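Below: one structure in structure tokens.
Naming follows writing order (A, B and C), and every chain is counted from residue 1.
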């Protein structure tokens, strides 16, 4: 028994978020059954979860090498505005590839600031966030509405499709390619990584670019869901993503326990919690307080004090 | 000894000289900028430097504190409302805000001390909670004291008096207490500090608490100069933190000034001039936080890359 | 005169399975200057840290000033009048000299309004004058001071409380004559005041000159305490060495046929004040031993050869079929089949928070992937192969490395480099902190590897190991090569010690 526990310790720990999700789901099904389990509400949960899930998947790559990314909300606004302005000049056919490429470039830029400027990544992210926030103000006087064709994509099926594709690719990259492997190892010990012939800077940059791609996809999803870019596009996404990913079981210090599953499960827990509390008719601000407290409790329970280097 | 005096003169000249030169350049460029602006800029520099003094403690001992902005906000809302409802007057506002600030900062400190969660994570989580809490307490209306006669900090003489008082307090904490010396020791090298008998986690937690004190003062002064404070959400208090951090980073990267407490004020002043310059050049105020963020990047870049600059300097001097 | 300052009784301290200090007992009188000598790893520094309480002893008692004493840490010891000067840097950058001197004891400078900076500077100035370092201004920032001046600041800090017992742990090695003279004067002053000094050094001439008595340690055991009248460098040296040499424990003698080709060559390496014009050649199939004191520059030389440190001047080249390739970075070295097993395993060559499998396959990703896909099955097979070949003791290859013992960790490191078919292995203290059984396994492995045509550079701080394992030994002292020995010459420890110290 003990031996079996030793061997499967990791797997058991990985189950906790899933059990948590099921408990939450049961709790809300019992207490607010008809409202909570209505098809409309369930599709609503998927719609709400998918943006956090996509950004969370990108953030997992950054966190795996022991960094924090707090740029995604602002970066989404930035990405949206730039792509929109470009597409307006050329054609809206390029909205999807445009979002992805611009997002990737934003990620690349954040990564360069961190890697070559030797600036802590979360500060580089903050700078990017405030840039995005500032620029999204343009959208107030310049009406940025998503063209009609894309609105037809606003269906649960499309969201689930995107999610499936993104998560399968991300899981593959994280588990079965050098990018994921090396990033996780850099998170464990950057000095050993360098001394084992891993080009630390390059793989960190790649992680930032992957994060950028997911930001681009999330931007596109926001565009079709909200129907426009406004000055609140992406508001709060950065904190929500961080909270979701941590609740999902992503270690704050990264390393070999990093997994994409954390983003997927975490985003679901996060949205189910939020949705259920709204159905309970709780005040939105109280919900935020609860989210913050849950985040802190999870951090306190899971933080690996030995490997934490962010303390600086 | 003469060399020493020269060094001190050089330090202070840099500290005061840079903002003065910046201001003169600005005056030359724009006819709208006059000496009158200088006075109001000095006054505007008071607020960020109050929080900057608190932040200085944190930055010097290696803490990251993103909660200070929300602490200031919440302290003003709670402290202000208590004082307002009890009719305690200006001293009441100040005392209540400070008391609430210390409690709020103390909570971050306790969280760090007892759980060992990295300060950046602890303060981020706490910021999130405090911001939402600001929208809950007192029906989410924030605080409005504009109908009373308590809005006095807009007044020049009051503002300066207060700045000097808080500056003296900061100076006392930083240069005249064992705690201040310990903070600098911890920031320089934790391991050696620990082996010299300094309780590193305690000092770091105390720093987080002291930020609460300064955040309380900041809240009181802010309330006393604008009269109305509304709750903010979605990391909106970050801009306040950035302003405070920026003061510290300008100082760290340019290394001017002997007394960091005094230089924080001049750095806040420099920052206000830079912001004025942006206005003069026609940047909308929406970009203020963008510009602050990028100035922070530039200044951290300078302070984190001293070795590269030294290398370039050597190469240039060789040529 | 015969009053006892400190008495040690049966002190024992073990790290893992290694006995760093075993059953050491001796006593030191008041007003005595006692030297503590021994080879690298003989337990001198551990013993001093047991006295100060920086480390806690497993068993044994210390009687200090007639009372049983057990310190909780350096600070506690300081309060009881035991001060220590360490080898490592102990000053804080960015702070002034005075702040450094009063570190942790700032309250001594309280004025009317809290701590007075003026008073602190004044007191620090007096302290510096009293130790003979009046040239250092107390208000200066320590960053602008030389290494030597910073050491003197630490001296001032240590003497602030007028300690009754001062431990000087290899402090003088790095100092110039002037700095040493200051410390000698202070030691003599302490002797006159009937206080005690424990002086740890490798410089035997220095010890004979200033110390009253010398205690010799070997392998953590007490060997002898020598009085002033019998102290001379040669005698001390013979006491220090003399570990038992069991021929079978190490490698059997062998003949390397003729002159094999050179596989690695380091030429005229200079590195700050660590290495001076060092040139080394490594031949195919040999074990080249590098020996010397810990700070002689041999560890840095390894890093230079692996490309982890860029030397100020000089080149490192690897030869494949006569073609030379320069090494400038770690990835150069790895792609040219050079491996490096550092002294600090956990920090530099292991991902302790990752599985054994990840650790072994990290350098051999090419072998386990098809296209961009890394096959977990192939990874597992590769890892299992090395776990089995090296007989790493573990539950399975998914176990985290942090859960393994020192010896098994080292095996994982070896596995990591063998997985990528490295031809040249630079091993920095390969048996450090490893118990006897695994040590033997690693020696056998080294022998096997070289017989397969791989070449090894082995740095060792233990002389028997160096003599027993190397085909050729190069000795470094203060960053310079001071001697080369061939195995066929029947090297003795005495020969080596002459070059090392």
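Going forward, a residue touches a chain if its C-beta (ideal position, glycine included) is under 8 Å from a C-beta of that chain, and two chains touch if they have at least 3 such contacts.
These figures come from a predicted structure and were not determined experimentally.
Of all chains, the one whose mean C-alpha position sits at the greatest distance from that of chain A is C.
Chain pairs A-B and A-C differ in how many C-beta pairs are in contact, and the one with more is A-B.
For the pair chain A and chain C, the distance between C-alpha centroids works out to 46 Å. Each chain gets one centre point, the mean of its Cα atoms, and the points for chain A and chain B are 31 Å apart. Of all residues in chain A, only 68, 70, 113, 117-120, 122-124, 126-127, 129-131, 133-135, 137, 235-236, 238-239, 242-243, 252, 283, 285-286, 288-289, 291-293, 295-296, 299-300, 303, 305, 308, 310-312 touch chain B in the complex they form. Within the complex formed with chain B, the residues of chain C that make contact are 54, 73-75, 78, 89-95, 99, 102-104, 106-107, 113-117, 137, 139.
On the chain B side of its complex with chain C, the touching residues are 4, 172, 175-178, 180-182, 184-185, 187-189, 192-193, 195-198. Residue ranges on chain B touching chain A, taken from their complex, read 62, 64, 111, 115-122, 124-126, 128-129, 131-133, 135-136, 140, 233-235, 238-239, 242, 284, 286-287, 289-290, 292-294, 296-297, 300-301, 304-305.
Taken in their complex, chain A has these residues touching chain C: 3, 6-7, 176-178, 181, 184-185, 188-189, 191-199, 255-256, 307.
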